[in-house]
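So, here's a batch of structures to check.
The two complexes that follow have chain A in common; it is paired with chain B in the first and with chain C in the second.
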Partner chain A sequence: MTRRAGRRTRPRSRDARKLMRAAFFVPAVFLLVLLVVYPVAQTVYLSFFSRSGQFAGLDNYGAVLSDRDTIDLSDTRLPYGTLIHNAIWISIHLPLSLFTGLFLALTLQKVRGAAIVKSMIFLGMVTPLVVGGIILRFLFDERSGIVPVGLGLLGVHSLAIQWTAFPATLLFGLILGSVWLWTGFSMIVYSAGVTTIPRDYFEAALIDGASSWRTFRKITWPLLRPITLVVVTMTLLWELKLFDIVIAAADPGGGVSGAADVLALQMFRYGFVNIPRQYNEAAVVATLLTFLTLVIAGSLFRRILLGAPKKKRRFHLVGGLRRMLHI
Partner chain B sequence: MGQPSDTSGGSASATDYVPRKGAARAWLIPIVLLVAGLVVGTGVGWYVAQPPAKAAPMIVLGPWSGSEQAAFIPVLDLFTRTTGIPYEYRTARQEDLATDLPIDFAASRSRGDLIFMTSSFIKQAGADGHASSLTGVVSESGYAPGALDPVKNGSAIYGGAYTGKVKPGFWYRHSFFDAHGFQPPTTWAEFGTLLANIDTAIPGPNNAVLSGDPGWVLSDITEHFIATYGGPTMHRQLTAGTLAWTDTSVRNVFANYLVPSLQSGHWSAPRNFQTGYSEFWAESYGLYFMGSWITVEAAITDSTDLGVFSLPEAPGAKGIVFGPDYFFVPKYSTHLNDAKELAKFLASEPAQEEQIRHGGNLATAKGVSITDYPLVDAGVARLLEGKEVLPDLDDTKGNPFSGVFWSQLKGLWADPTTLDTVLQNIQAAA
Partner chain C sequence: MRLPRLRIGRLLRVQPRTIAFHVVAWGIGILWLIPFIGVLMSSIRPLNEILSGWWNLSPFNPSFADFLTAWSNPQFPMSEGLKNTFIIAIPGTLIPMFVATLAAYGFARFSFRTRDYIFLTIVLLMTIPQQMVAIPVFLTMVRVGLVDSFLSVILVHSAWGIPWILLFMRNFFQTLPIEVEEAARVDGASDFRIFSRIVLPMALPALAAVGVLQFMWVWNDYFFARIFLLSPGNTVATQRVVNLAFGQYSANWSLLSAATLLTLSVPVLIYSLLQRYYIRGMIGWTIKG
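Up next is the complex of A and B:
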């Protein structure tokens, strides 16, 4: 009887289920459209119009990309412009934080009390980046900062200076400081990844007499590739969005001569510092950042959310990224 | 079948209980609607039930905290005693307000009823229709000629000048100078010798002059060099944008005075200006270029030990930068009349006399006598005598110029040989 009653009610319950899904779905879609889709569309729209509201085509893009704040290769000395600075940041920060995190994860694997050490390293990750930026300012103070004072004691007097007062030391100091703040992320993700590799593989390698390096190269590294993909993607996204650490450690102008200026800071200045406001130029930078972010995030989402992509696509997207990053 | 079964002799077992799906769904919709209704209802109720804005006191936003705030509060208290209008003072950095206020204004709101802000911001707010006109509230005749020019659009006045700070030059400790037999310099050559002697007297390199960070401190130093060795006219022309920073006359001021001095190695790298007060007072540095507010800084425990000298003058070049604290009343103030009443009061002689009594400030209102100042401020006020008073260059021009100017000057401090690049970049933003 119950079964028959169930059959009778099934069509109604299916409708009710659809209704229920819609009831849950519609508010989310409404909020998504209101708070994400509309602002993004409005930003892209704004980037193609002049301040007076007239269609400007790609003029704003041309103006921003030809702005010396964006790319400045007129001199061999810093600054080089925000786009180049972001690229420098990526080229140094990404490999350093990735491999330091991997090294720590592997080293601390069998160490007693590793959890405490990992927690201490991970503290940098949970510290707000604004606070991190301010800490860096103190670390680089020539009188009380541990970095210049320490280097002075080691006899490196050329670096026993106020790091935030000179273009090169400012940019590279911030990059190194951010490695300290971000390494905890890659270490934790790699630590989790290492535990997923079956122990049998390592035991077999041991029996076969493989060296540690060979074991790492042939077993650990290949099996950690999905983890590496996640770390690389998340780090790249973070590097593109860099803002708080720079504004806290330097200033809204990107520090001395703009040596630590980055894209997000440039966008902030266009939109919220300069008078009159340059919303259209800010929208251009925001659009460029969104585009770059989507290209990178798209690869990860395709891989993680949609499963392994078809071979051809994999060749273009994930494979391209891997080749680019040599992973 | 299909019903909860009691197998434990009393309470129902969770594994045996099979809920009726239809019934659960039937309950879920009203619950969702109820929760949604509660959220919406609470929001609407909160909005409707907000106390009327008039019940809250007028909000005054100013950049001062600590000892500077303590010197300002008695003025506001005097206003409340005189008029019966209550107030609430909140500290707000002008750099932050420059970001936040335009967002407020776009929503026809304001987080303050009377706000102290840079003159360039006030002028722009007036032009954009966000600032109330203070014409008739603040009178130009109560100030020195031209004092309100930076906050005027045509004949309309959008701001008032409160007391101000002068950037007189290099501060030193009398006790330190006496101990080493130093004297304030009277010529450019003596200035160079003094820096060298101070650097010798204090252990470690680059200790003669403390350069403050952020960039506005470097801007003040640079303006002092321009006003002294380029003259008031050059300073005014650079402010107005009628003279190029790359002009030979401007370049000469940098190349002949500021750059050689920086290259002498007696200036520190830019350091946090707030910790600088303590470092200067502890004699880690001999000289500190700072505004007149240094006299009321907490780190300066005995302001009578402070002395100040300007750069030795070049013939005929007599100018000194004086930065009044400007205020305005946003159009969206919820206490418009009260705020205008306060504006009128702040521009008056009694308010400014009360302020200068606490030190660190000079009056802009006419009629305030030099005898009303504390001793150290009277000395600063005397430095103004016979000199042309100049507006703060970067405050008047505002962003994006200020940001570029500051960051380029930091670049010059880092590497004085980049002078021409620095001047070109400043000119590009001027």
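Up next is the complex of A and C:
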């Protein structure tokens, strides 16, 4: 008792308390500034200077954007350049993985053994992506890969080939493979999201005799919109940062004639493979990539902060999401 | 009389669809599993059996020879790679957990003028690609002589893990009742004491979720390892799988499958044991705290 009382009366100055509170932030801020914030600033800086250290304005950006590595529309055949490849990747991978995941999340609600099926699909998310890339190589191997051999048995002889050895099959094979690896993400997030919709809504729809497609269109899909927003954003960020799959399934050059080259890989090649090192060009690619990710992430954060841009807010989940994120 | 008939009618109408749901869902699940089955089948069979397809089951002579070769081949032994990955992943998980949790508590409980701006900036850092810091950090590591050391990768992963752990833990702390802490404060406990004695014990489930996810990310990383770990003896498991796949074993699918499974085994094991925490970490990181 006396000890406690003694403690309580011990004066603690406000400054000492402030110092202690600041100490909570010091290690995190120190590491972040040293290894993230300062390097980011330095990369931006590098992107505006020539190799000899002269200020170059936007010259590096012009050089990179007009390079065939980045955009190559000189003919209709692959490669089209990293920027276009990332865009192609997004246009195929985003809808496929999103809707497959949504479909599974909704279907698995009514399926026995759903937990097992979920684990089977989620395995791809647990797999290191370089390992995923190597499995894709195996999958598309002409002799021992199940995809080309299986397609050959089905009579599709034009695809019974070494997929990684031809530009089109390489790029689309890797895109399909990345759908295989990433679908678990949208499935899990949607599965969690579906449980936030009140059951009464579905019961009311059932009593009204709404078809299941109508229930989906009018209830599930609109109420899942905030979840969709998160899935779309995270998937876009993942697609922009693609690196491991390509380097493992193809090579640092983006595979045969660079058909699967992507932005992150291009940066790696400029900064860590090419001799002499092209740090300034690499910095440009990294800065462009970061710009794209910040635009996408920023729009998500703005939506979360300010709510849906439409005047008519049809559902309360945006507010709910904001509350969930505590922003 | 009408009611039972209607019920039967509904049952009959629903049943085919329920069956279809089961067939489709399980079908997709099995389809998704096939590549892994292929890897498993190839790893336990000699190369000559799987060259014409691992799905041909005759002859079928299971052996673990390829695991042994992958484990201890002279060129890129996976045993050493897995050991290196562990040496990096354990501090690479614990350091950011500690550092970010401390700061997260500060963001959740202390108020100061620029708090929300700093917090949002840190959250935005979460989305930046690794490529954005690679060159300056690499040059710094060269200058201070840390390149090709485990410490360099541990430090980079530590910093890299902070933003998302901070977001996750701050959201968690905000769900904790503040009354207990206030009572302790009235009793004269210092902020740090409250944090370590009262808050941390309550945060153990959240810390488990964070730890599982961060460990997996460090384990699965390839980019930072590839940049900083240069000499063959220092390379981690993911690097070695890639090196094997590009070296003299590039067409040896049974050996590559075995190496692949060795690298996969730890994440899969952690996921199957700590699935609840993993999913919570994942969902919390994307949706709710």
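A few points about this structure:
Quick note on the criterion: the second predicted complex is superposed on the first by the 284 of 327 C-alpha atoms of A that agree within 3 Å, B and C clash if a C-alpha of one lies under 4 Å from a C-alpha of the other, contacts with A are read in each partner's own complex, and residues count from 1 in each chain.
Note that a residue touches a chain if its C-beta (ideal position, glycine included) is under 8 Å from a C-beta of that chain, and two chains touch if they have at least 3 such contacts.
All values reported here derive from a predicted model rather than from experimental measurement.
In the superposition on chain A, A:Gly255 makes contact with chain B only, while chain C stays out of contact range.
In the superposition on chain A, the chain among chain B and chain C reaching more residues of chain A is C. Of the two partner chains placed around the shared chain by superposition, chain B and chain C are both touched by A:Met20.
In the superposed pair of complexes, A:Ala165 makes contact with chain B only, with no contact to chain C. Applying the stated contact rule after C-alpha superposition, one finds that A:Asp141 touches each of chain B and chain C. Contacts of A:Ala114 after superposition on the shared chain: chain C is touched, whereas chain B is not. Once chain A of one complex is fitted onto chain A of the other, the partner contacts of A:Asp75 are limited to chain B, with no touch recorded for chain C. In the superposed pair of complexes, A:Ala264 makes contact with chain C only, with no contact to chain B.
Contacts of A:Phe272 after superposition on the shared chain: both chain B and chain C are touched.
17, 20, 23-24, 27, 137, 141, 143, 251, 272 are the residues of chain A that lie in the contact sets of both chain B and chain C, per the superposition on chain A.
Those residues of chain B that touch chain A in the shared complex are 1-2, 21-22, 25, 28-29, 32, 36, 95, 98-99, 102, 120-121, 124, 213-215, 268-272, 279, 284, 398-400, 403-404, 406-408, 410-411, 413-415, 418, 421-422, 425, 428.
Interface residues of chain A, counted against chain B in their complex, comprise 2, 9, 13, 16-17, 20, 23-24, 27, 68, 75, 77, 137, 141-143, 161-162, 164-167, 251-259, 269, 272-277.
Listing the residues of chain A that touch chain C in their complex gives 4, 7-8, 10, 12, 17, 20-21, 23-25, 27-29, 31-32, 34-40, 42-43, 46, 100, 104, 107-108, 110-114, 116-117, 119-124, 126-131, 134-139, 141, 143-144, 146, 149, 180, 183, 185, 188-189, 192-193, 227, 230-231, 234, 237, 240-241, 243-244, 247-248, 251, 264, 267-268, 271-272, 279, 282-283, 285-287, 289-290, 293-294, 296-298, 301, 321, 324-327.
Taken together, the chain C residues at the contact with chain A in this complex read 18, 21-22, 24-26, 28-30, 32-36, 38-39, 42, 50-55, 96, 98-100, 102-103, 105-106, 110, 120, 122-138, 140, 155-156, 158-160, 162-163, 166, 170-171, 174, 187-188, 190-192, 195, 216, 219-223, 226-227, 238, 241-242, 245-246, 253, 256-257, 260, 263-264, 267-268, 271-272, 275, 278-279, 282-283, 286-289.
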